[in-house]
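Across the two complexes that follow, chain A remains constant while its partner is chain B and subsequently chain C.
Here is the complex of A and B:
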């Protein structure tokens, strides 16, 4: 019996070690390597103790100024998309939670089905349209695209969260003559802040990391950080791994910290999003 | 009756401004462009030229293009291998976590970490780890006397690497869905089973598996649909090469449209993608339709 326990304990420890290694090793390796002196990056076996240096970060600053512009663009686009998606989803989620009619349930069904359309499909007609409207290479087009591809999930999430707020609260306010917008703003939204955060987490992670739309719809002015990273990866005169690792570290650190701090909301959002449509 | 109609009318007009922003966005950015793709798919057009109606020509051309079939086959292989592996590993992890682990909260955050990583950054990591000359994983495999992945030359190896990367990026999603579903199973069931003298394997087969099945199905469906859109990983890892052997459907579409300027065939490919996505999700849509209809009253 005791050896049995010991064996299962060891099996568990091994499984946990494998999971940790699998999840963290690629990230930790890149972050560590960004501080390694050039020759140590390629050392065999990999060095885990070395004299840290900021040389790659300095090189990045000197040679890839566009990366830092990209970070700023990513920040603007991410903030814009998150605000737009949370606002639009909260408004719609409120109505889908509190009112019901054949038309409303039909339109909600339609919203959920929209999630099934692959994003690359809309690039074909949007590409000439966006050019024609002069929206090519602007923050606005990316904000619109990123927010729109998350409002259907966002609406469903907000509806699920608002469903949990007792109706008596807003019905009482309605009798007092409060408008729907006031009820939403003053009573509902403060109670469903976790829902709004969950929606924001989805949009922030998506918008900060997205590649396809940025690649197709931006060129120079609104180019996002992942797009600049992709240029570094496929740089014609060979990849400068040290600089690429420095840039990757800067790109991933904020969003990784964000996910770590918001993990509860992310888990709640993923679970509700998958089970409620 | 009169009162009911009156209430309905007031409901609809008053609520319209609330749902309008979401619907305007979705219609303008997704629905109308998608319908325009249908029109495009029946016309021959290159960027900047007037379109001419060609019927099903574009569909015939795509469906008789061996590169399209190769890309579809690659996509299906990656989905079949990656999604099912994700499910099995995710299930194992969910059970491990549900049984209780030291530092559980910390471990959960560790497992979630890849969710935060951009496909682009992930490709940078994996390209270095598996670099044919200097990659640490390549070096490690070679020092064990095993043949390393020669993913820049051998298409199967390139696809394998893309598959691994896909699993790495999306395992957190599958895991969270299954873990949440596992936590939702009441403890009493297991206690009742144990007092009846059921073995751990019997408990798994008769309680865990049937009660997790709906969540596994949902996770699998979502992953099928999302993996079917796979683009960035392939584009940044192999660009579909060597010699167009590792293309997936989204990469094929991109090349048709933006490299060969053939918007008609690209649009036909796009609609084939939409139709396959809808078919994959048809069971889910059916269930949803019944649920939303039931909620309406």
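Here is the complex of A and C:
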């Protein structure tokens, strides 16, 4: 009996170790390679022990100033998209939670349908329109697009969170003379803050890493970091893998730390409404 | 009258102001030339041994250059999309020769009238093959500015280790040496004789041309010499069977070739001459100074070898706002002085006279070989609307032949049958 439990425990531990190794290997390879001398990155047999170097980071700084501009653009766009998406989703979630009509049910279905459309379908027809509006190569267009693509998911998520807030609280506040906006601001939103953070986490992860919209709608001034990374994989004069891995590490770090710190909200967001009877 | 600003008004005003700021037009300067190119095009004009060679033009014109740089495929996509609008802010775009189909050429301003009114210095000095690739339907749509001509690279240290005294001068010798160089080196690295990317038509075309064949000729005839193409594919299949091509051939890409050569995992590889510096870069390569290049050899009894060349050209979108300024820039970049300066900064020069410059020739170990190869080189295939599908079909059949799933004869017959309907009528 004891041996069985021991074997079962070892089996589970091995399975977990294999999954962790599988998941962490690409990230570890990129991070470690960014500190390896260039000629050792793809050495055969692989070199696991090496003298770390910061040369790739220095080269990145000297040769790819545009990457750091891209990081700043990514930060502006990500923050803007997260704020807009959270604000719109919270307001919409409140309406869907507290009001009901046939029109609202229909619009919710429509909202979910929009989420199912592959971005590429709307991207190319949008290009001439965005150009006509003078929004090409601006932060605003990316903020609008990223927020738009997450408002549907965010709204559903926020409605689920707001559903969990007892309506008795609304009614008590109404009796005390509070307006709908006051109820939302002073009662509902503070109680659903974890939901708002969960929506923000989803948007931040998406916006920070997004490539397609940035590729189509930016050129110079609003170019984001993933777009600059793609430029480093040059088909004309070759790839400097060390520099590319250094840039990838810098690109990866903020969002990884953000997700680690916000992990509990992310789990709350994913399980919201799971036990609703 | 009092101005009563409430908190709501203030917030609304701030939001509107911020929106207007975020939404400002991208290009606001008056005398700015907007160029859409690859980063390498910007660098060869502004950085390197010769310094900023386009500075005199900026001073003369009193204009700034705003570079928007992208990698090759995204660059072509963006340029063609911009050129399809009613108007674009870009004045000059860099195009790849094999993308300029008649439809694409229609998006760009014909340059013949500019050339007639204000000609480029010694225009005939630019390699004839590159100029003709940019002439579509009798109209000149781009001015060649950079070329990448394929060479045969070899690792001199591995050749010495295997007892091979000199690089091959015929394709038959190349096959023999590649097989001999499929071994485990003294350092313990398993070496393959040859590495080739399987996703580009360039490589099988080079092997077919070694026997006097081709994929699609300038008259749009598919496989004009079947026997030569069959021989080329037979050689590749033979190398794969002997283990002289990697087992991972079907998934090998261009960057893998560079890495394999740098790490001493392959003795031979086919890459543009311009990759010489990267292959010998001491920060990246395990064999700095030991990777050398020769012209890709033809068959002992075959026709003259024509290497594959890919070129870039500068074009003016037909919807561009200031075409005079665009032409002024193109003319300056195409001048002999700037071509030489850009070459010293690492560009593949399109002018024959640049290779004749004594100082440049002395500083570039491959200059003479490259000039001789360029003189005979031509694109892998001419541009046409279904070129992408034709290349994919060709590569599919080539891979089947190399991996031994089809005989070279069957593969060539299938190439002719499947690609012919894709050609322009």
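Here, the second predicted complex is superposed on the first by the 255 of 277 C-alpha atoms of A that agree within 3 Å, B and C clash if a C-alpha of one lies under 4 Å from a C-alpha of the other, contacts with A are read in each partner's own complex, and residues count from 1 in each chain.
Here, contacts are C-beta pairs under 8 Å (C-beta built on N, C-alpha and C of every residue); 3 or more make two chains touch, one makes a residue touch a chain.
Small disclaimer: the values here were computed from a predicted structure and weren't measured.
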| item | value |
| --- | --- |
| First (chain B), second (chain C), both or neither touched by A:136 | second |
| Which of chain B and chain C A:146 touches, first, second, both or neither | neither |
| Contacts of A:103 with chain B and chain C, given as first, second, both or neither | first |
| Partner chain(s) touched by A:205 [first = chain B, second = chain C, both, neither] | first |
| Partner chain in contact with A:42 - chain B first, chain C second, else both or neither | both |
| First (chain B), second (chain C), both or neither touched by A:233 | both |
| First, second, both or neither for A:123, with chain B first and chain C second | first |
| Touched partner set for A:221, first chain B, second chain C, both or neither | second |
| Chain B versus chain C as contact partner of A:55, first or second or both or neither | second |
| Which partner reaches more residues of chain A (counting touched residues only), chain B or chain C | B |
| Interface residues of chain A shared between complexes with chain B and chain C | 42, 44-45, 127-128, 230, 233-234, 239, 241 |
| Residues of chain A defined as touching chain B within the complex | 12, 15-16, 19-20, 22-24, 26-27, 29-30, 33, 42, 44-46, 87-89, 91-92, 94-96, 99-109, 111-114, 116-129, 144-145, 147-149, 151-152, 155, 180, 184, 205, 208-212, 216, 226-227, 229-230, 232-234, 239, 241, 244-245, 248, 251-252, 255-256, 258-260, 263, 266-267, 270-271, 274-275, 277 |
| Residue numbers on chain C that touch chain A, as the complex places them | 19, 22-26, 36, 38-40, 66-74, 78, 81, 85, 148, 188-190, 254-255, 258-259, 262-263, 265, 274-275, 278, 281-286, 346 |
| For the chain B and chain A complex, residues of the former touching the latter | 8, 11-12, 14-15, 17-19, 21-23, 25-26, 28-31, 33-34, 36-37, 40, 47, 92-93, 96, 99, 101, 107-129, 134, 136, 139-140, 168, 171, 173, 176-177, 180, 215, 218-219, 222, 225, 228-229, 231-232, 236, 239, 250, 253-254, 257-258, 263, 266-267, 270-271, 273-274, 277-278, 281, 285, 288-289, 292-293, 295-297 |
| Residue ranges of chain A in contact with chain C within the complex | 37-39, 42-45, 55, 80, 127-128, 131, 133-141, 143, 215, 219-221, 230-231, 233-242 |
